[in-house]
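Should a chain be cited, it is by its letter among A, B, C and D, assigned in written order, with residues numbered from 1 in that chain.
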Amino acid sequence: MGGEVVIGRGLTLDNPVGAASGTFGYGFEAERMGNLAGLGAVFTKGTTVDPRPGNAPPRIAEVPGGMLNSIGLQNPGVEVVASEYAPRWRGWAPRVIVNVAGATIEDYVRVCQRLDPVPEVAAVELNISCPNIAHGLDLGVDPRAAAACTRAVRAVTGKALIVKLTPNVTDIAEIGRAVQDGGADAVSAVNTYLGLKWSSNRGRPVLPGAGMAGLSGPAIKPLAMAAVARLVAALSIPVIGIGGIASAEDAREFLELGARAVQIGTANFYRPGIAAACAAELQNGRGAA
Amino acid sequence: MSPVQLPENDLSRARDEAATCLGVEELGPGLHLLTLEAPAATSAALPGEFAQLQVEPGPLLRRPFSFSGVDPNRGTVSFYLRVYGEGTRKLAHLSPGSTVRLLGPLGRGFSLPETSGTSLLVAGGVGAAPFPHLATQLLARGERVRWLNGAASSDQLLPTRLMPGGLAPSVQVTDDGSSGRQGLVTDALAELLGGVDRVYACGPNPMLQAVSQMAARLRPEALVEVSIEAPMGCGFGTCLGCSIPLLLQGAPIHGLCCRQGPVLAADQVDWEGLRRQPAHLE
Amino acid sequence: MGGEVVIGRGLTLDNPVGAASGTFGYGFEAERMGNLAGLGAVFTKGTTVDPRPGNAPPRIAEVPGGMLNSIGLQNPGVEVVASEYAPRWRGWAPRVIVNVAGATIEDYVRVCQRLDPVPEVAAVELNISCPNIAHGLDLGVDPRAAAACTRAVRAVTGKALIVKLTPNVTDIAEIGRAVQDGGADAVSAVNTYLGLKWSSNRGRPVLPGAGMAGLSGPAIKPLAMAAVARLVAALSIPVIGIGGIASAEDAREFLELGARAVQIGTANFYRPGIAAACAAELQNGRGAA
Amino acid sequence: MSPVQLPENDLSRARDEAATCLGVEELGPGLHLLTLEAPAATSAALPGEFAQLQVEPGPLLRRPFSFSGVDPNRGTVSFYLRVYGEGTRKLAHLSPGSTVRLLGPLGRGFSLPETSGTSLLVAGGVGAAPFPHLATQLLARGERVRWLNGAASSDQLLPTRLMPGGLAPSVQVTDDGSSGRQGLVTDALAELLGGVDRVYACGPNPMLQAVSQMAARLRPEALVEVSIEAPMGCGFGTCLGCSIPLLLQGAPIHGLCCRQGPVLAADQVDWEGLRRQPAHLE
């Protein structure tokens, strides 16, 4: 456990530990801080066609064992990523996989088209958990829409195609099968869980608007493990496990459960360097400690 | 996307070290001075920069605090803490000998002058935190340093003994008049601005805005820098949680407090945007 | 906050704090331990047509901030509840609401029919989160099945009818609307979240079978609050909030969010007496402390 | 549903009290004696009954431990702990003066004889925990008490000094022979059964089963009681998490360890069912 893993369509990672989208920027902060080497993959912040400023603050709130975020996909847009960021990834040890977000299938297609000829982009990960898609449903909660999006992107990219699933569905295996049929090379799971934190002082939610945000961190680990177990049982393509991983032992549990690789998210915030440390620990077989 | 144009801190200076608590001194109601042995931070921390401290067992995320005092001889840094919630409560009750992970220095600090002149430090409550370190560094550069120290009441003022010796005559104000003059820092500000080259302010946002406006009006030639707070998930630019409203060439943008701040030129701050934020982001 | 609350169809609770199903037996343990007085309601263990022995051990596993359970609805069957237990509830201060479970709609109808003439039963709460229903779907994840079950029970009981919703669905508000249309007087939410705990030592899940179990406790509070917020926004009938409540302050947050009443579950295990203490604290206005 | 027919403990005797740690003594590798001031428990706890202890900060659920020693004069109870996971580790490192919530007494304990005779206490490892209290109570009733104390090695034997004075000659066995005889408790059991009226056993399930079978064969007239463990969510009958396989009139049923146990007559236990359980439920 801990060595090279094959995801598919030419995508091989030196080791099974990646940093999760939205928790590692585009890798440059970790590069400056010396936390890049040893990682299997960097999954970038969700990237859209046009630059997005993100939501108004506050954007994060802490809860026991986790955090809520409603960042609003702040990112510089695919053009900056492809032309300015990608050249800086040249020579990096971890594969860089761009997480792609959008409001319509057309958005995903355009971002992936732009990334297709960029050699430093090892793969794309479609974050299909964005609201305001056809039929008033999230793309990621409707098997037909999820499959259609996967197929449309499949048609425009030769890169390995990972689809990242939302856990806020009745049957995650159904969505997983749909994107597998749509041509995904792998799925990653899970994205954040819908949560809310209330402030009695203010008589309203802590975060703006209706207060809905995404829960991540150790609190979701048992839930994420159940989701990954269902996917592993239902799919033939690899499953990349995500959710509350904060140690090599956590990572090992997902891998033993059947995940081909894992991503570490929130833990990067409070333990910078954790992802690379887990990768090393798994490789040295000290993960059981 | 904005951040590319505003200057950001250099993350390669940050170290994640296991710091040892040497003690916590109670300075007032809910106010404490935490001293940590943290050699790496000691040799790197500049005034206005901050550290992310992790307490275990304690909250999941680290908490940001400005370096308050830095003693390179002892290899120690100190933090001036106000107990607010779980994290600060735990830090205020650390036993000597226990370990705290310290990630820092982070953020952009105050700009230190190349030539000597007069600096005015304006503190509101626990906002005085970065000033012992700042004053020490300014004095070391031959700067004349005046200090305007304000708080709600006497027992909430940063004790003068924490500041270095050699300050120019300074002024204390309290809302209730229990120490120094009665009033707000802005009541005493006008008379102190004369001849000042630099104004450094830290405290509640409304105070920072008032100080910035008054300084711009009465002493337009002075550099004015303010230290702003935001909830932080990481402290080093990856969570995008610490968004603050800034201005880039006059246009409002979402800046990152942890990398473009926490110290900003007063005219980089979108004060209107800050005012629209929920009050707890004060 | 903290006084009498009206749920509907004649069901009024002295105060908004109840003990959740499966965490309070049939109230007799709390009676012996002196933890009954002051509670608004006792929601009993899930009760089925026939006695059920429950699952083989182990049945519970702890995770950070919560626990997983797969008890398997161990209960003595409705006949014992109606004829032996109910008379012992006579004169109790809290209303006793029987939680009803089954494998088919017919099961729910039979249990509720048997309970209908029993005066000590203040209301029924349908736990529609049980697997192996028509179409291979849980009753509680299919709006049509959920509505049909509600309607069928509505036809045989004059008691207040509360439907308890599972959070393991794409859109809990849709299920809520369906059971509201089916004649529910209130909904309660949430039941447990699907989770799994892995044991690296044993190379398999800690709990038997595929290891799937229900997550409860403080870890689920932000998720439960999001679910309750969506129900409050979508429904006109009262919503009873459940999930991770472990203090009067937690209870107050759900009530401020719009829940009419709350139930305390897992916390009863590690803080017996917590439910009654919360009720008292809300009533005395000390909940904000 | 079964529980109605098997006797259950009386929950009205349980109190949830804030106990104060008086100290923790290390008795062997990972073995500790925790002493708590807990007046209510002291006056109520019978041998074989247990308490649910909560450590804060620590795991969410309480952890069950048999009362090991009870000192009514000092108002203290003690627990003989083996460090297993987070909860026991935290308990083993409690500082004197800290508070632990103690819910108890819970469960059904050993049945104490009305007339005097001879009792044999058979302990495997940390299973010796309830025996100091049991031996004290038996001796107080004029019972003759023999003790067969077994463990993997010398340093894992409950120290004899924790047992009351006045025991009949007792036997120690260790798997590795580092103390007493070398072997398993069952190797020494046969010769000790002669003349015994009561056998009380506590330890790993396979040992309990072997002891029960041997006693039934060699000394069928003796009462045999065993103390069984199960993961517990509550300790008082509401979570239904502590299911253990019992026999009711010969038929297998799901019993509750916390209310029908933890002490059961050997012939009430479904030993086959217990053996099919995952090993960690040992």
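For this structure, a couple of remarks:
Just so we're on the same page, contacts are C-beta pairs under 8 Å (C-beta built on N, C-alpha and C of every residue); 3 or more make two chains touch, one makes a residue touch a chain.
Keep in mind that what you see is a predicted model, and the values were worked out from it rather than measured.
Centre-to-centre, using mean CA coordinates, subunit A is 49 Å away from subunit D.
Mean C-alpha positions place subunit B and subunit D at a centre distance of 58 Å.
Taking the mean of the C-alpha atoms as each chain's centre, subunit A and subunit B sit 35 Å apart. Looking at subunit C, residues 64-66, 218 sit in touch with two or more other chains.
Annotation for subunit B: no residues touch two or more other chains.
Chain-to-chain contact here is organised linearly: an open path runs through the chains from one end to the other. Of all possible chain pairs, the ones that touch are A-B, A-C, C-D.
Residues 63-66, 68, 141, 168-171, 193-198, 200, 203, 205, 210-212, 215, 218-219, 221-223, 225-227, 229, 233, 249, 252-254, 256-257, 288 of subunit C are the ones touching subunit A in the complex.
In the complex of the two chains, the subunit D residues touching subunit C come out as 1-2, 4, 10-12, 14, 16, 54, 59-62, 103, 230-231, 233-234, 236-245, 253-254, 276-281. Contact residues on subunit C toward subunit D in their complex (touch as defined above): 22-25, 29-30, 32-34, 45, 51-62, 64-67, 69, 71, 74-77, 80, 199, 201-202, 206, 208, 217-218, 266, 268-270, 272-273.
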